[in-house]
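Chain naming follows the written order as A, B and C, and within any one chain the residues start at number 1.
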Amino acid sequence: MNAGTELLSVRAFTAGYGAMPVVLGISLDVSAGEVVAVLGRNGAGKTTSLSAIAGLRSGKSTGDVLLNGKNVSSLSSAEIVRQGLALVPEGHRVFASLTVRQNLELGAAPLGRRQRRSAVGPALDRVYQLFPVLKDFGKRPAGLLSGGQQQMVAIGQALMAGPRVLMLDEPTSGIAPGLCDEIYAAVLRLKSEQLAVLVVEQNVARALRNSDRYLVMERGRFVLAGGSHDADAFGRIESVILDVGNSSSPPGAVITEPSAAES
Amino acid sequence: MSLAITTLIAGIAVGSVYALIATCYSIVFLGTRVFNLAQGDIVVMGLVVSYFLLDVYHLPQIVTLVCAVAATTLFSVLEERLIIRRFLKLGSAGFGWFIGTLGLALVLETIWAILMKSQNPVPIPSPLGSKPLHLGSVSIEPDFVLCIAVTLVLVVAVALFYSRTYIGTSMRATAEDRDLAGLRGIKPGQVSMIAFAMAGVISGLAGYVLAPIAQSDVSIGLTYGLFGFIGLAIGGFGSLPGALIGGWLVGIGQQVFDVYINPNYDLLAGLILLLVVLSVRPTGLLSSRSIRTV
Amino acid sequence: MSVMAIRVRQKVLAPRARWMIIAAVVLLYLVPALWSTYRLTQIDEIVSFCLVVIGLNITMAVAGQDVIGLAAAFSFAGFCIAVPLQSAPHMTLAGMCVIGVVSAGLLGALLALPTLRVAGFYLGLTTIFLAELIPQVAQYWSVTGGQVGINLFVVAGFSPLLSGWTLYAVLLTGALLATFFLWLLISSPLGRRFAALRSSEELTQSLGITPYVTKIVSVVLGAAFCGVGAAMYVYSQQFFAPGSASVTTVILALAALVIGGAGTVWGPLIGSAIVFGLNSFISFSDYGGIVFGLLLLLFVMFAPGGAKDLVKIRGVAQRMGAATRRRAQPGAATVADSGRLGAQFRTGGAPPARPPEAGAVAARENGAVGAGPVPGGGPEPGPDLRVIAARKAFGGVVAVADADLTVSSGEVHGLIGSNGSGKTTLLNLITGYYTLDAGQILLGATPLSGKSPHAIARRGVARSFQTPKIIANSTALDNVLIAVEQKHRAGDIGSLLRVGAARAASQANLARAAEALARVGLENRALDRAGDLSHGNQRLVEIARCIAFEPTFMLMDEPGAGLSPAELDVLKLAIRGLASYGIGVLLVEHNIPMVLEVASRITAMHEGTVLFDGPPDELRRNPRIADAFLGETLRAEFALDEGGPK
């Protein structure tokens, strides 16, 4: 693990929904050029975790979120984007009444007008390289696209501001398999561009194929971690998911990937 | 016949101001989820500034125009920063901002009344002079024409702003999906300020063109605000053409009622019209979006 | 905790507070006796407006409706009284009150009927409109006396019986009675319905209450008080003019509401004294609008709770905060209470419980809640809740496709599936928030599809929500009581006035509510403010409320979310308990182990269709479910069959 290039560090992070505690204490690191997959059953707290890290907090939140060493835990979502973290929320959300091109250009909002003028062109090119099909849809209202195409717009939009950390919440849910492959191909290209990627993924095999490490979340905590290409990865994850065990006992030992920073 | 046409044109002219007010309501609400009850009195601010600069200090029209717009815009931005931000921070705690803006409206209305009380009613000169234009057998006050023209230009400008400019697009995005806009780095505070600034500019212009028509009657603030609201209800929320048509319908209706029935009861007619519209078609003519879903 | 203890705790005021109130009231009566008639007339005006503010308090603060121009009802009623008075100068104060109430009430209903269907603030705006136009119309209409208004001094034969201090005393008594009514209202069934309305429309509907009707009642009631205030005004001031009825009056009334403390019992009196007192005794000449507009604005911005926000001394606030913290202990207390679930609940003088409850009490005495069917007679097997070939699409996306589901009475039926599986949509279809595109939903033989949520609730379908919907500002007991009252109506007026048969019925309801809380182990938290409780306890309050609703079916939407292991244990006990009373429970959950433990039947959905439906028997014996149908669902969700090591 490249201990020195942790772009995203989360420490003892909790988050909730109003008075309801959902995330009970998670810690993770993602380094540049690394893809970390987060798996887990529904209700585990994956979406709440990502949303809260990105600044969308609907309840009390404690713990630290560090972006490239800088503590962003108290910033709003718009400010966190400016710090280089982008979240693509689940459900392939786009601005339906705007065109594809407008959606993409809007992604560059954090750059400020002067920088935008010079940066938008190259940023758009990069997005079109990742998702060539979007080039033809420039003038179409985003609401008229298929789910998979909307997801590409959503990811492209997030990339326009040049984030160094990208978080994707179930980018392939409800999307045709062919487009899923395209989306993950793009993720792998971003990995080669040294972005740090955190992705929540429901399909275990797909998650392991496309990530370097995995974390399994259960009822607000991480219960399992490992290398995605380890021989026993799939088996271990399958066990945890299928093991319905005792509903009341707290989830098993809280495991996080041992990093060089911890003793 | 010429009375009918004059009434019609007067209705469109006054209706234009209502349309502008309705537009301001929409812009502010879509940008901030706040309904600014003081909007009508901000238009009157434009009128008051115009009056003083033109009649008391005898400044040229251009300077007056600039000052009126500057005053209303500055005030609107201050209102947003000091008052509305505070309400948004307090959250949706019941009827907070609604009552707050009503209080502000009363403060403004009182200030205008005090300022104008000591003044003798003097006609406010129009930039186009007072010679009526002639179209065939009909003579039209140039003030009305100015009103209508300015309104059309503004509505087109706002439409272009929202559809063609970057900021306008980002404001539409915020209105559509606030959270997603935040995730893309669009600051809600900026959107809110721009919305209020736009409303301020429009209100200043509206007050300026209204001045020669309404003369120095400044008690109209809340009344204009209410008629503007009927225009909004008729045309539908969030629709620019709706605000225009709604405003015109209200203006024409009001003038017709004033001329042919009884000018003292036009507010009553307006209320009945509003109740009918809300019973029959609550989302308005042109918008499919009811205020509940906004 | 016995019913007696609860009742006493509710009504006890600290002795010091009680003496202060009595002293203040006595002073209010006695001090003005020394004043001149002119001064008294000024005070009479203030008292009249106090009634208006009480009306505003009811509609806006207690019921939460944005009817900001309600004081226009005062203006309307004032003219409705003054105009006929010219022809009937011997009208008594009582007669004027009747006219006031009727005219104002009618106006309120007339405005509310069309506008409340749209959105709250439309009614607010139309009432402001009305406040504008009444003076305008009155100004130009000869009937209302034109600009001068109606001056009763010059009406022959107008010689009111009451005057001077006597009049003041009568008016003050009226205001105090109205304040007393306000106090009664807040702790009455109607007041609790208003509180539910203020809190959440979904909550209101889930209790079987029709929101639209309750809103209109709140508007008419508030308007009626404005009408009484108008009567007092006309009688004491002996004129009514456009100036009495202006928008400024409306705004002053709002200022009084806010400054005095919206939603409190004494707020209107205090606020009126301050605002209308200032208005009467200090001449602001033309600047009045600025002063009061600013006051209103500043208070709403910085002290929305009223003047009491300003006088918070730091020590007092800290001590109050500490007391609240002591009471609202999360987690640990719930665990202790769950042990107490087996304890018997002493009902004291409450009426005998219905037969199934006797069995349940016995079962509880043995500490065995929900240990299976109730011995010695449960209720007859009730109707089934059946979903047949349900289909629902949003836009082009099919959320539920041809789904079948049957919940029997007394059965715990689990509904599981990933996000997007359609289970939440199905839940909303059953409870009436969505309408079916195709298929049927039947409760016994009655179709539920097409009915509004509150109609469905009234047929005995209760539900809990993903985030517990409770009324934060009310006590846990009140939260539960409101459900009891929907089932056992005690007569609104009787309960409000605490008289007659309604009184005994209220006592019985209180006992039922306390018992429901006891069943979830929260009897010691009955009088805590619900918003201060931990999330887990809030969830339990919601469940107690559903128990109190005595439904036939209970739909629970992810009740286990955010609960600690100990709280989950209590939840499981409660769910089993519900089933043992013959209630059919549909449990939508992510927590599969919990569903396996409590459910006797499980339906699994995936992408809108029902994948499996059957008993989880084998699963209980074998925690590893690699090849049971539940495993199939999970395997599908996680595409485990695609995978395997590379």
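Everything below uses one rule, namely that a residue touches a chain if its C-beta (ideal position, glycine included) is under 8 Å from a C-beta of that chain, and two chains touch if they have at least 3 such contacts.
If you're wondering where the values come from, they're calculated on a predicted model, not measured in any experiment.
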**Prompt:** Which chain's C-alpha centroid is most distant from that of chain A?
**Reply:** B
**Request:** Specify the chain with the shortest distance from its C-alpha centroid to the centroid of every protein C-alpha atom present.
**Result:** C
**Asked** How many angstrom between the C-alpha centroids of chain C and chain A?
**Response** 41
**Request:** Find the geometric centre of each of chain B and chain C from their Cα atoms only, then give the gap between the two centres in Å, rounded to an integer.
**Result:** 37
**Request:** List the centre-to-centre spacing of chain A and chain B in whole Å, with centres computed as mean CA coordinates.
**Result:** 44
**Item:** Residues of chain C engaged with two or more neighbouring chains
**Value:** none
**Request:** Under the touch definition given earlier, write down the residues of chain A that touch chain B in their complex.
**Result:** 54-56, 76-78, 81-82, 86-87, 89, 93-98, 102, 105-107, 109-110, 113, 116, 157-158, 161
**Message:** Show me the residue ranges of chain B that touch chain C in the complex, using the header's touch definition.
**Reply:** 35, 37, 83, 86-87, 90, 93-100, 102-111, 113-114, 117, 222-223, 226, 229, 233, 264-265, 267-268, 270-271, 274-275, 278-279, 282, 290-292
**Item:** Touching residues (chain side chain B, partner chain A) in the complex
**Value:** 166, 169-170, 172-173, 176-177, 179-188
**Complete:** Touching chain C in the complex, chain A uses residues 16-22, 39, 41-44, 90, 173-174, 202-206, 208-209, 219, 229, 231-235, 238, 241-250
**Fill in**
Touching chain B in the complex, chain C uses residues 60-61, 64, 66, 68, 111, 114-115, 117-119, 121-122, 124-126, 128-130, 132-133, 136-137, 139-141, 247-248, 251, 254-255, 258, 262, 286-290, 292-297, 300-302, 304
